[in-house]
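In the two complexes that follow, subunit A is the common piece, with subunit B as its partner first and subunit C second.
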Partner chain A sequence: MESRVVNKGQISELLDKLAKDYNLIAPIKEETMTLFRRVSGAQDVLLDYNNSDISPKGCFLPQNEKTFSYMYTGDTLEINKPEGVQKTVLFGARPCDIKAILTFDPVFEGVKFGDEYYSNKRKSTVIIGLSCSKVLSTCFCYAMGGGPCDGTGSDLLLTEIGDKYYVEVNTEKGKALVDAYSQIFSSQGAEQLAKDKEELAKKLSGEFVRKVDLTGVKEVLDGNFELPYWDGDNAKKCIGCGTCTYVCPTCHCFDIFDYPTGDFTGDRLRCWDSCMFPEYTLEAGGHNPRPTRKERIRNRFMHKIKYHLDRYNMVGCVGCGRCVNKCPVNIDITKIINDLKEVAQNV
Partner chain B sequence: MSNPTALTPYPATITKIDVEASDTKTFTVVFDDPEIMENFGNQPGQVCMLSAFGEGESTISITSSPTRGKFLEFCVRRVGRLTSVLHQMEVGQKIGVRGPYGNGFPYETMKGKDLFFVGGGSALAPIRSLIDYALSEQYRSDYGKVEILYGARSMDDILFKSDLAERWPKIHNTGIYTTIDREEEGWKGHVGFVPSYVEEVAPSPENKIAIVAGPPIMIKFTLPVFAKLGFKDDQIITTLEMRMKCCLGKCGRCNIGSKFICVDGPVFSLAQLKQMPQEY
Partner chain C sequence: MMDVIQQLREQAKKLLEEKKVDLVIGFGQGTELARTTPVFIDSPEGVSKLTWGPFCANNLAKYLTDYKNAPGNIAVVVKGCDSRSINRLLDDNQISRDKVVIIGVPCSGQLEWQKVSAEIKPGASLKEVVDNGDSVSVKTDAGDYKFDKKDYLLHRCLVCENPNPVVSDLTIGKEQPVKNYEDRFAEVQALEQMSTEEKNAYWDKQFSRCLRCYACRNVCSVCTCQTCVFDQMLPMWVSKRTNLSENTAFHLTRAFHVAGRCVDCGECDRVCPMDIPLRKLNQKIHKDLGDLFESPTPGTKPGLVSPLGEFSPGDPEEFM
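Moving on to the complex of A and B:
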């Protein structure tokens, strides 16, 4: 694997160039929220943020996405798909969020049915990750196979060390990008920074306050769908607001509907949806297979720690801690995992 | 076959509309592009997503068998917004169709066996594709006796009346049993609910597969009857209806445990269902 170095003083220059040459998506501050948006240059980009409030999943699965537009009069029908996608750089994604994109891949690029909307964006996007420099009290990526400086899934991973960024070149796509801006990405001092990064990773790995351990949890769930545990507090507390799924970088559920734009024209949209809404599974006849919060909570957390694993051999949670942080009634996946471990002792 | 344009429907034209009941119509539909029609490759038991532009999409079973020709039939019950829009459509109008989706019936492994179909209400639609497949000239000799026990709420609610009364009984080695829930003037057939009628007809489990489709309550009371008659769990096949949006295993909502019913189902044997969480 190759590596490079960027002087902090040159990062603005890099971002300005990227914004010129690509559709650049980067973290920004919007009112009180940190989120990812298209930026026009370095001045908009927030570099010292911890974890964004909203993950960059929208880069590949936009919150609202037009899949085609139609012109329909009854007797005539025309369907037009949107133009091709622009080449994009996703800058500043955190390791957990990049890992989350990897959990999307088998869903959208499955063997049976592809998803051109997703794949086109995925193909034409270079992911420049940014190692975390701090561990938050809600973080537990280490327990889900990740880490604050883990570059898995990124094309380039930047790690801030002193007045420099250490750059790991992880893919050909990443290599092409550093080559294209070779006046910014130098090789000088990379060896020392590699060691410094190791040190940083080691230091950060000792800073997690949440003790989470998945071993044995899936095994309990495998044989026990009807655990009395699911009737407990969580089901009573949840208000079904859908915040957890909205902020979750691995939640990929969507709804599909039409949005008329005129008498005969309209757009077919797909929009994020939430399994925590009762209507999500409600059928026309009134039957609902997941009628209460108990079933919905169970489904969401089973999806994260069992179903996604069963289906795609990947845990469906990356430990970003967003749902822990944002749930208005403090429903906490790390507590659920730990509770289930306890339950496991008694079944 | 991987279809990269999976979310985009193909334009199709309604060529025929049959009124089945006050709330149910069967639409015959043909793709505008003959090549798509030719290569659609639908199997009995599969479904499509129908688009009514302006309303969105609904999952509807393909009720016709591919053996009947290069067209698709959809039997649609008017229950909500989209299905109401479909019901207002006329011959010659366009809809969007994408598919075919789902695993379909295991019609290959059913070969050499007798088939006993049980349908309740509008659920005759999904099993009709297999009935017509097994009764087609091409494949009739591959299957043994084909029996159909169908229950509807009232005479008006009986779907595919001419299939039940004329077309199917005329075919060699078939048995048709139709019942309605309550006595009605002009009805000379059986009266009563499906489960008890199955008990009365008492099909023998020997070399037979039961294909059961209907509202959850009917399924719930019918399955024990088959068990009592000696049917094993892998001799009972059913088809599920979970709410669906994408039919591609991506939008998430149709899951039962780690299975997505739109791609792993909707057809399951009772043996398979018993391995799955009871959340449907």
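Moving on to the complex of A and C:
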């Protein structure tokens, strides 16, 4: 693996260039929120942030996506797909959020079904990750196989060390970008920074305060769908909003519907959906396979710590802590995991 | 604070032991030091889960409608603001008075847990919380912290109208002084000063951020429709698509649907994951109802008729 060095003083120059040459998506501050948005240059980009309020998953699975527009002329049905996707750079994504994109890949680029809307965006996007500099009390990426300085899934991973960024070149895509801006990415001093990065990773990995361990949890869920545990407080206190699913970087359920723009014209849209909503998978005949909050909560957490593993051998949670932070009633996936371990002792 | 917790547990235990209630809904320690979570206790042994302090932001009256048709009685722990919800739910015939035991706890303000958490050493465990009047001391195994209320209180608590429950069957804890806030509507007044264009720009920016997770609607104690118009598939009044037009339709409908019933508990504001200042919309309505109909905040007294729910020949009709 190759590595490079960028002086902090040159990061603005890099961002300005990227914004010129690519559709640049980066973290910004909007009032109190940290969000990923398209930026026109370095001036808007937030380099020092803990984690964004909403993950950058929308780069690949936007909350609203037009899949095609239709026009019925009486004899023919005309279908128009949106124009090709732009070359994009996703800058500043944290390791957990990048890992989350990896959990999307087998869903949308699977052997059986490919999703061109997703894969077109995935192919034309370069992911420049940014290592964390701080571990929050809600963070637990370490327990989901990640880490604050883990570059898995990124094309380039930047780690802030003193007045420099240490750059790991992880893919060919990343290499091509580094070569294209070779005046900014130097090789000088990279060996020392590599050691410093190791140190930083080690230091940060010791700062997690949430004790989470998935060992044995899937096994207990495998054999026990109807655990009385799911009737407990979580189902009672859940208010059934979609916050956890919308802030989650790995939640990827969507709904498809037609949005008429006239009598014979319209758009077919794909929009984020949430398994916490009562109309989620509600069938035309009126049957709802998940009629109460108990089934909905069970579905969400089973999806994270069982179903995604069953299907793709990947845990469906990356430990970003957003749902823990944002849930209005403090439903906490790390507590659920710990509770289930306790339940496992008695089944 | 400890004696309030002790009394809460004793009273809850008594209610459950004497079978006066089948369920106690209260606050329990959450998964962060400065956070609580709703707990549902159905046996006397479970009362040790109950806690109290400046991190009990949730309005638990919200859950009463979940048990509307359940057999047995329910006790619920409420602060002053939450108790307004109870009056409102009673007036809306959403709950019956004889099925609910209201445990009121006077409250001196709730702190924003994220702000407090950011100051405390991660992983520290809580030893004691002491209310000093203008500040709160949080004692942990990793040191003691002091938080000035003016900097850490939830927005809504800065202009609290009812620190003491307005309706309760038993009250636990010391009565809190009631303050008068001249500038209760200062933020709304600031918005009113804006030009139409400025107001539009302000709210467009806020509503554009909306994810339509519906946390504001779902947490609302007076949003009691069995099926919300925004969940209906046929006809689909608003789609799942988020855009300014449909987001605005949602927020304005929500605010106006609770007009005259909103008890100003501020939960919509607290739970919004995108920090949209939703309470300002409802506060504007409160201010107008006050100015036009001399209407007090809904829920402050039992049996208050909603100004938008009654007609009187003497009503001013300047717009006609």
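Just so it is clear, the second predicted complex is superposed on the first by the 343 of 347 C-alpha atoms of A that agree within 3 Å, B and C clash if a C-alpha of one lies under 4 Å from a C-alpha of the other, contacts with A are read in each partner's own complex, and residues count from 1 in each chain.
One rule holds for everything that comes next: a contact is a pair of C-beta atoms (placed from the backbone, for glycine too) under 8 Å apart; a residue touches a chain by one contact, two chains touch by 3 or more.
Since this is a predicted model, take the numbers as computed values, not measurements.
Asks: Will subunit C clash with subunit B on subunit A after the two structures are superposed, or do they fit?
Replies: The answer is fit.
Asks: Give one of first, second, both or neither to describe whether A:282 is in contact with subunit B, with subunit C, with both, or with none.
Replies: both
Asks: May I ask for the angle at the C-alpha centre of subunit A between those of subunit B and subunit C, rounded to a multiple of 10 degrees?
Replies: So the angle at the centre of subunit A is 90 degrees.
Asks: After lining up the shared chain so the two structures overlap, which partner does A:184 touch, if you call subunit B first and subunit C second: first, second, both or neither?
Replies: It touches nothing on subunit B or subunit C.
Asks: If we overlay the two complexes on their shared chain A, which of subunit B and subunit C does A:194 touch? Say first, second, both or neither.
Replies: Once the two structures are laid over each other on A, A:194 reaches no partner at all.
Asks: Does the superposition put A:68 against subunit B (first), subunit C (second), both, or neither?
Replies: A:68 sits against subunit B, while subunit C stays out of touch.
Asks: Just to be sure I read the superposition right, which of the two partners does A:227 touch: subunit B = first, subunit C = second, or both, or neither?
Replies: Neither partner.
Asks: Tell me the contact category for A:255 with respect to subunit B and subunit C: first, second, both or neither.
Replies: A:255 contacts both subunit B and subunit C.
Asks: Between subunit B (first) and subunit C (second), which does A:273 come into contact with in this model arrangement: first, second, both, or neither?
Replies: both
Asks: Mind working out whether A:344 is in touch with subunit B, subunit C, both or neither, as first, second, both or neither?
Replies: In the superposition, A:344 contacts neither subunit B nor subunit C.
Asks: Tell me, in angstrom, the smallest C-alpha to C-alpha distance between subunit B and subunit C in the overlaid model?
Replies: Superposed on chain A, the two chains' closest C-alpha atoms are separated by 6 Å.
Asks: Shared contact residues on subunit A for subunit B and subunit C?
Replies: 255, 257, 273, 282
Asks: Under the definition above, what is the set of subunit A residues touching subunit B in their complex?
Replies: Against subunit B, subunit A makes touches at 67-68, 70, 72, 74-77, 79, 81, 107-108, 110-117, 119, 225, 252-258, 260, 266, 268, 270, 273, 275, 280-285, 287, 289-290, 295, 299, 302-303, 306-308, 310-311.
Asks: Can you check the complex and tell me which residues of subunit C touch subunit A?
Replies: Subunit C reaches subunit A through residues 30-32, 35-40, 58, 62-63, 66, 114, 117, 122-123, 209, 211-215, 217-219, 231, 233, 236, 239-243, 267, 270-271, 273-275.
Asks: Hey, which residues of subunit A end up touching subunit C in the complex?
Replies: Result: residues 30-33, 35, 53-54, 63-64, 135-138, 207, 209, 233, 236-237, 239-243, 245-247, 255, 257, 259, 269, 271-274, 277-279, 282, 324-326, 328-332, 334-335 of subunit A touch subunit C.
Asks: Considering only the defined contacts, which subunit B positions touch subunit A in the complex?
Replies: 2-9, 11, 51, 53-57, 79-80, 83, 89, 92-94, 96, 215-216, 241-243, 245-246, 248-253, 255-258, 263, 277-280
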